[in-house]
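Presented below is the structure to which this report refers.
Chain IDs A, B, C, D, E, F, G and H follow the sequence of writing; residue 1 opens each chain.
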């Protein structure tokens, strides 16, 4: 058994790298959204033409990014969604809902401060972790029956 | 043609009442989550037994609320998701993602301040409104071909 | 057995009225897109705010109209798509493809001049008619076993 | 992440070659309908027997071509639909509707003259481009995070 | 609990009437294909225009009949398929396969002579009966918990 | 909002009556399997003919009962599965798995002794109750926002 | 583009070999049911235990064969169903209905004598051929754009 | 044709090894749940944090194990479910129901003592075996047309 894992959510810390590094040697294909903030914001207008109105500027980019996001979630066996300390991160919660409706196995990753606010998201998950290393351990256990320590 | 409309999101203003009142006379069935904040938080433990740990307290409630939320979204033709001025509102974004994955027609309702943060949610919507009255006008037009004014 | 029939396509002749009138007495619910051309073009900006750019003006309207179109096709047992003599009518062909992919029974209505250009659309249909009265006769036969004459 | 891309629509210009050439080096599998106009028109009767009636001649061919078209769209992550300057091109719009109903990511490619007539098709798309090179740039960005220039 | 039951197959004996009569008082909606043999054969050309070629004559009729058959099976909870003593009855077996693939509860009705030839069809069924009265008893038991005698 | 609730599992105590009685006044349609143990065991042979082999005797009955069970679960918004003190009750766990795979909201009802043995079933549920009255309270809350006491 | 093709139906002539031989060099994976008549009839009892009753003997075998048949059809892009000159061949028509309901591209292969009896099956097909070589030509055209001659 | 086979159920005898060993040389990918009883029970708390309450201890583990179980069943063509002599084994019956609802080919493996208690599970199966060697023979026959002996 191998796994296809999509890493959604926060783009300002290195949690994706921690998970991918920690999972070396496991039969996992990782996918992610574009994590270059500026490219992600501007991709629509940079390719398909300028928009003077900020709303449509954002809209065009969000649509182009959706090509990648939908493919990443559709192909995934497991979707990990990370909520960081800052920002609204509504796209992360949107991805979690999208993945849940498709019946994907959901792992949510967030600090204890967000427990109450994320209770509906956590309730749709099969695992709720605080540290990227815990996500790695879940994936390792699922694929190899091995517990840490 | 009649419509089943689910009203998801913010529970601290009267936007649901504004839409339901405004839509009187239209062939629409409205459903909503439980909007009594305390009941929504405590329903799990009040019915199924106390939990000393706040996480499981929240979890039990979120699971019970999901019975209603899933039914409401599954039955809906149109899902309206309102993002208010305050709080994280991750459950609103989760519902939006869930509805989008099921192919529901999505209407997002929020003020202009949230445009950038909600661009991925808006990109999945068929209408983005700032006022509840605009949602009413969209529903009226869809059902009766009538434009405002 | 009753039928839900969606009447898609051309909006400049009275073919819908001919079918609905001819089908009186049959257990059929008919739905259609908005057929007021101006309302259909302007609904987006009239409700959700002006757009100086004609592309977004059109886009907003097309999105709002999609709420009705999707519901109409999703609910339908039979989708009738009419191609008239004029205009590109790409939305009609789009609806036909959409309905075909959902496994709806498709009836295509067009004059003999369009046979070659519509061959892929006709190939997805269960009936190809030239006159609205033939559509009525198909529906009458399906519901009552009665052939004309 | 790799992509399977289906190139639907106009067959009289070299837009497919431009996209395939431009996308060299990217992990993309391209599929297309048969683009030999005569073979596409005559395949049914050439293999399965002559038809004196032009309608059934066309019909037999359209059915055989549908084996390829359905497979191509079903396998695709992204469906690009090109509308050229000439002809009715209803099969292109049909493919777009078919792809949209299956939840495929849709990219529409057409000149500015067709904006109004294609507004319903564009409204179902995640990207609307005027040039094949823009389609290449969208695919490159989706797969490699790289913006042009 | 009520049931929607589709009665497919043989049209030359009164087995449908026996079942419908026997089931009086039960909460069942029955649907059937057109059972007027001549109307069923000729409906296509009678409505949509003559065909000199017998194959297309038959084809047009089969397509029109499919509008009713598909609707009947799609709406059904239970599909009863009757194989009589005569003819090939491939449409009956086709309906059985179609119903099985959709997950419908299948009841097959045939005499003991056909057991070996129908073993693949019977293997997809939840009940195999020899007499219409047995089908009535199955439906009565399912709806009312009542066994015969 | 109304609910369709299927009551699966144990047939030797009056838990179904407790729930149905307790839920009087709520907009709920309840369905259940046949709870007459002898009828349930013998329905196959009583209607479709005797079987000397006990395995096929049981098999015929289980198939006929499946017509009702599948319909009951397919129509349900909520599936309640009760595990009693005695017997293997594998059909109850089978129904729970079947309902979970269809995305139904699952409520599991069992005493504390079975917690460890039912952990996989409970993990698929949105509520785990020990008393029928708790199931009633969950349903009342979901439909009316009202908490007990 | 490659194709997965399932060859269903008649097992007493060499039509499968003709198609597979003719298709050499094309990117096609062929699958078939077990075509050893005796093995197919006896597989159930030979592996799972004798049955004195011929009905259950047949039933056990048909169930085991269904493991292969379902997999073969589920994996297929194209299902070819051959009706020979003899026998009832209800399993062939059942497979055709099953494949049609799953949206598979269907090619039916039969002589002209069966045209009327197979009109409902042919009406669900994208190609109707009389010779195995025509099936090969369809597959070659679909994969390589090449017409015969 | 190759097969993906998921081996669910009893973990205290070597039936999985017998099947995997017996099937050597066949084109089969086998998957299983974690069969280390202690690891399976404790995986949740070992990775995601201790729980003083045994119910949540079990729950966390069952959720993590579900990531593997769901993937294993979703990927499977054939699900084999083994019921041993001891324990409640409700998770085995749950998996059987889950697999049945997804339309997987189900093989049930149990001793004659359990026939009556498992009649509903057996009724959903395509083969019921008493010995692991019979499961191997079924798989060998399905893949190679070869009967034992």
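One rule holds in what follows: contacts are C-beta pairs under 8 Å (C-beta built on N, C-alpha and C of every residue); 3 or more make two chains touch, one makes a residue touch a chain.
The structure displayed is predicted, hence computed values, not measured ones.
With steps allowed only between chains in touch, the distance from chain D over to chain H comes to 2. The chains that touch chain F as well as chain G are E, H. At the interface between chain G and chain H, under half of the residue numbers involved are used by both copies, so each side presents largely different positions. Remark: among chain pairs F-H and A-H, F-H carries the greater number of C-beta contacts. When the contact pairs of D-G are matched by residue number against A-B, G-H or F-H, more than half turn up again in G-H. The distance from the centre of chain B to the centre of chain F, with each centre set as the mean of the Cα atoms, comes to 31 Å.
If you average the Cα atoms of chain B and of chain G, the two centres end up 49 Å apart.
A separation of 40 Å divides the Cα centre of chain A from that of chain C.
Taking each chain's centre as the average of its CA atoms, chain E and chain H sit 37 Å apart.
Contact of a single residue of chain A with at least two other chains is seen at positions 63, 66, 103.
Of all residues in chain A, those touching chain D in their complex are 31, 34-36, 39, 42-44, 46-48, 60, 63-64, 66-68, 70-72, 74-75. Chain F contributes residues 54-55, 58-59, 61-63, 65-66, 69, 83, 87-102, 114-124 to its touches with chain H in the complex. By the touch rule above, chain F contacts chain B in their complex via residues 1, 3, 77-78, 103, 105, 107, 125-130, 134, 137-138, 141-143, 145-149.
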